[in-house]
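In what comes next, chain A is part of two complexes: it sits with chain B in the first one and with chain C in the second one.
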Partner chain A sequence: MAYNSSLDISFDVRGGLFMRQVHHWAALLFVASIAVHMLRVFFTGAFRRPREMNWVVGGVLLILAMAAGFTGYSLPDDLLSGNGLRIIDGVIKSIPVIGTYISFFLFGGEFPGTAIIGRLYMLHILLVPALILLMIVLHLFMVVVHKHTQYPGPGRNDNNVVGYPLGPVYAAKAGGFFFIVFGVLALMAGFFTINPIWNYGPYDPSPVSAGTQPDWYIGFVDGALRLMPGTFGDWQVEQNWFGFVFTFNVLLPALVPAGILFTVMFMYPWIERWVTKDDREHHVLDRPRNAPTRTAIGMAGFVWYCVMWAAAGSDLIATHFGVSLNDVTYWLRALFFIGPIIAFIVTKRVALALQRKDREIALHGRETGRIVRLPHGEFIEVHAPLDEYKRYKLVGFESPEVIPAIPNEHGVVTRKEKRRALLSKWFFEDRVAPATPAELEAAHGHGHAAVEAPEEAKSLSH
Partner chain B sequence: MKALSQKRRHPLAAIALLLMGLLLTGGLYAVATTVNEAKASTTTYSANDVEEGGKLFDANCATCHGFGASGTQDGPSLVGVGAAAVDFQVGTGRMPMQMNGPQALKKPVQFNDEQTQQLSAYVASLGAGPAVPEEELLDEGGDAAEGGELFRTNCAMCHNAAAAGGALTRGKFAPALADVSGKHIYEAMVTGPQNMPVFSDSNITPEGKRDIITFLKQIETTGSPGGADLGSLGPVAEGLFVWVAGLGVIIAFTIWLTSRTS
Partner chain C sequence: MGNHSDGSPNHSGTVATAGQNEVEKFQDPGIPPHRLRLADTDPKAAKRAERQVALLFGISVVGTLIFLVAYFAIDLGGDESTIGTIRLQNMLLGLGTAFAMLGIGTGIVHWAKALMPDHEVSEERHAIRYEEDRKAAVRIVDDIVEETGIKRRPLIRNTLLGAVALAPLPAVAIFGDLGPRPDNKLAHTMWAPQDGKLKRLARDPDGTPIKAADVTIGSAFHVIPEGLNELHEGKLNEKAKAVVLLMRLDPASLNPSEGREDWGYNGIVAYSKICTHVGCPVALYEQQTHHLLCPCHQSTFDLTQECKVIFGPASRPLPQLPIAVDDEGYLVATSDFKEPVGPSYWERDMHERSINS
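After this line comes the complex of A and B, so read on.
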């Protein structure tokens, strides 16, 4: 019935197919925009006090958006979405002992039953949107209370907000932006098909189509499932213990990576606050390079996510790049473990190198390419000093230092404090300090040659 | 009847019964297995076709398949594969094979229609096998809805619900089915080339195969009612499109909107 109704909307109702496509493209764009926004917030440090709770609300919004998307994806009851529901059913059933009961409870009997579409419909049109609206209200309310963050710049500090007020200029721009987004979505829906349910046919538990994937935001869980091996050597991942079947080959990939990602994501503001002992309010953002370890952690998580995400399309990678499906899986399995490590190291090195470049430019100015011969025969290249605004950008940032373990009020260094100190060292031991006013003075006061020696002698962990 | 009932205690009755039983099951089995075979060859090949085909075979195929198509280490025996197999493999350019690999790839056809027919005639003469299907099974006049259901149940797990193709293990793949002629689709079903299973006539009836061909040709000609189909590859293509094109354009607009005129 649901499938018939979706076909009716697509082919018999005037403009129905267009509406369906606008709706689906908008859903994909919605979650993608949330993802990009969260990446921006993370890498600029906008989650720091006082905005930790808003970061959490944002994370809840991401999960709700995924829930809204998935329940909507399942509604047409076509073959593709039915296969997706079957995977969800399998994941639920893999939960030891209670999984089967939960599945029967959810589907109103054995999969697929007749109850699930109606239930998902209520979730999709009522419960999830209501929660999303509630969270958006909270999210924006907190933005009003906290004011917006600002990028670093001259005259900008944690006690002010520099820029245009919301009205009228930004209100008008935001209003215009709404129509631009609407226009882009309308063009996409008009010219590009999405979820062609007439290709997939009605759901029937027996057929499974090649190229069955969820919409992109659920892809990373699907990818993790695809990467999981069924055996390690002779050891079967599925085990029978105490008369119960433990389907770890489904349970682990379906729940553990997503669990780790979301737990670390939600806790990160407090982790960083604990490590840095920084309880101050922050309204000025960090440039990602000026928080190298945070940026590296973020990139490691991002790469980990992307590896799982790519694994969800492993079959299409194999067919379209003419490689073996097995090789794609083996490579992605390896990258699942080493990808984040490589990403961490590379990102951190790049961030530190950029900081050193900034420091170099702040101290010595920009290379002009003009070679001058001095009276005694020496050749120097003339460096043009930066103007104050540009220099501010390069030197005006906070650079937390390693805080060694500090005894508590009883004079005891607790084990937790020692761990914090270790983490603090790991975060900041190779930090590149911003150029101080004294260094700048020295560099600009005594000419080029004089500053070269002491600068080298400082040797900032090259 | 009375005579029969009187003789039922005859010493030879048990043997007679056993013989009857064996004959019956054997006969049924014979009937059942011949049903399983595709329709016997109805296209008649002339003796000349067979002779010319034999020459072509010796010159082009025997290196791997051996003289008399008896097979070598490099290629299987072709005795009993039937004319349909030859017509498919040679007619789509997969044979002669360009190189060894996970599977033989489609390429420009190496033999003209007449030569393909001669080769088919030669291989068909070596042993009974599925014949090239008759025209009426390929007329695309079947029931497309029925064909779609058969396709989703039997074919979509490898070829994708929209026949866009899909990956198999170790570099093998199920090809996309757009632009494949009805004859070749039919032959592939009855002969099971490469990694494809054989769909015999008892598995999918000739009418069912006709329905499938009708369905495939219909989705090919109908096109995509909702705009560009993005390869009919499903959510991966859609996700890629929304990230690259959709979000790309939106981000470009945000940069333009927030840039200050100075």
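After this line comes the complex of A and C, so read on.
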């Protein structure tokens, strides 16, 4: 029924295929836009007070967007999405105690039954969109109350908001952007086929096409399912305890990585606030390099997500690059653990290096590419000093310091406070301070020795 | 007399000085002076930008026309309409919409950037009075808690907690009976003999029975139970449990364990096609290696070891269907599966024990 109706819309209704294509591409882009927006908010520190709750609302919107996508994806009742539901059913059945019941309640009996499409339809057209609308209202209401954050730069501070007024320029640009996005979606829908259900056929529990993939935003969970080994030699990960089945080979990968990602994501504003003891309101954003540890944490999480996401295409990676499927899986299993660590270290070093480069440019000016030979024969490259606006962008940031454990009002350093101090050290011990006017003075007035930090400061940092 | 600006990192890798907060900071120079655009100073440039915006809006009109022509001129109802016509129309609709939308969008943005006033304004933020509101709210809550006396009367508190914790149990019981109960439905499939008659193995999807003689070494069949296609209700539900893969190997390469020696016939063996991981069909048979591979999550099963998991996320072997040959030479299932098929579930072990008792 549902499959027939989808084919009807595609082939017998004028422009129906076009509408379905635009709808599917738009859904994919919708989740992608939310993801990109959240990355921007995280890496620039826009989640800091007073916007922590809006960060949480945004996270809820991400989950709702995924729910909207998945329920819609399943509606045509085609072979691909049917196998997706089959996987969902398998994951639900792995839940201890109530899993079998939830599966039977959801599908109205045994899988696949006849109830599920109608139920997903209600979720897709009514419940999930209503919740999304509610959350968007909340999200935008808070934006109006808090006003927008602003990127750091001359003339911008935590007490003002600099930018174009809402009307007409800002409204025109945002409104124009709406049409541009629509146009790009129309191009994609016109030229690139998405989800050709007529090739897949209706759902049937027996056949399956090779190279099955969920829509991209569900990929990280599917990839985690693929990465988990079900057996170690003859030892089964699935366990029978007390006469009941604990399906750890499904339960762990389906719940744990996504659980960790979302928990850390939702709690991060408060974690950072606790570590930095920074309760102030922030309206000026951080350049990601100026918060190296946060940026590194974000990249570690991002890489972790991407490893799982790539694992959802392990079979396609293997066939496209002509490598062994098993090797791809082994590599991705290793990257699942070491990828985030490498990402953390590399990102932090890159951020610190960029900060040092900023100092260098602020103090010595930019390279002009002009080589001059001095009378005694030495060659130097002439550096041009920055104007004060450009310089301010490089030096006008806060660089939080390590806050050692502080005794509470009873004069006791609690264990929690000690942990906080350790984290604070881990966050900020190798921080780079912004250049100061005195340093600039020194850089211009004297030889390079004066630019070096005082010896005692150096020893503090390592 | 060194050159202090050679950019080597150890010159600028300066670290924090203690008490950095006291160190003098650079003064904020304020918003950079506004720079006029070409269109602000040169009326010709302004006129040119105006024409460009109008041109972009004109392109949008053309796009809408393309859409309308493609929509009405291409007839899908005719006999000669094919997938090719649909594709062509879809492409033209996309092209038309793209021009229509991109024309308006880029036009408006260009208008805003080139012609609308581009003065950035600085507006004071009003302090958001969180702290006072929060403290007031906390005070109110504290007062309420204090007046109830719940902290001073632990007996009331504890009995209340106990009562509230137990109160939802009736709801759980009622909800548990609202839906269809699993019972032991997952433990049985259509393969169980009906009225003493053994079920024949039939081809998927047409349902014709398979003769043992038709199964040559190296071949594989997708199998459903005889009579599945004639079901009026719940056909997909039964199929989702009953589908089987039938393969014939050299009997010497099979190593049946004790009690399963007569589950195959002359090297012909049948295994459940539903993956024990999360239930996808294990549809790929690698004839050379005797491996079965699930395309969803790449669980790999070895036929020569009774479909033991040799790779991937599945934890249990595929269940084997005991088969034999009837008087007319057709393959039949001598019984139902000896364990529940498909993905694991909480009561699975219990069901397996009750099947075998």
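Just so we're on the same page, the second predicted complex is superposed on the first by the 426 of 462 C-alpha atoms of A that agree within 3 Å, B and C clash if a C-alpha of one lies under 4 Å from a C-alpha of the other, contacts with A are read in each partner's own complex, and residues count from 1 in each chain.
In this text, a residue touches a chain if its C-beta (ideal position, glycine included) is under 8 Å from a C-beta of that chain, and two chains touch if they have at least 3 such contacts.
On a predicted model such as this, the values are computed, not experimentally measured, just so you know.
Of the two partner chains, neither chain B nor chain C is touched by A:Trp270.
Of the two partner chains, neither chain B nor chain C is touched by A:Tyr121. When both complexes are overlaid on chain A, the residue A:Asn195 reaches chain B alone and has no touch with chain C. Contact with chain B, but none with chain C, is seen for A:Leu29 once the two complexes are overlaid on the shared chain. Looking at the shared chain after the overlay, A:Asp204 reaches both chain B and chain C.
Of the two partner chains placed by superposition, chain B and chain C are both touched by A:Asn326. Touch criterion met: A:Trp216 reaches chain B, while chain C stays clear of it.
Chain A has more of its residues touched by C than by the other of chain B and chain C. After overlaying the two complexes on the shared chain, residue contacts for A:Ile87 are found with chain C alone; chain B is out of touch. Once the two complexes are overlaid on the shared chain, A:Phe262 sits clear of chain B and of chain C alike. Across the superposed pair, chain B and chain C both touch chain A at residues 10-11, 17, 21, 173, 176-177, 180-181, 184, 188-191, 204, 206-212, 314-315, 325-326.
Here chain A touches chain B in the complex through residues 10-11, 17, 21, 25, 28-29, 32-33, 36, 79-80, 173, 176-177, 180-181, 184-185, 188-196, 198-201, 204, 206-216, 219, 312-316, 318-319, 322-327, going by the rule given at the top. Across the complex, chain A is touched by residues 1-7, 9, 11-18, 20, 23-26, 28-32, 71, 76, 86, 89-109, 111-113, 116-125, 128, 130, 176, 178-182, 185-186, 204-205, 222, 224, 234, 236-237, 239-241, 243, 273-274, 277-281, 283-284, 295-299, 309, 311-316, 342-350, 353 of chain C.
Residues of chain B that touch chain A in their complex: 102, 148-149, 152-153, 156-162, 164-171, 173-174, 219, 224-230, 232-239, 241-243, 245-247, 249-251, 253-254, 257-258.
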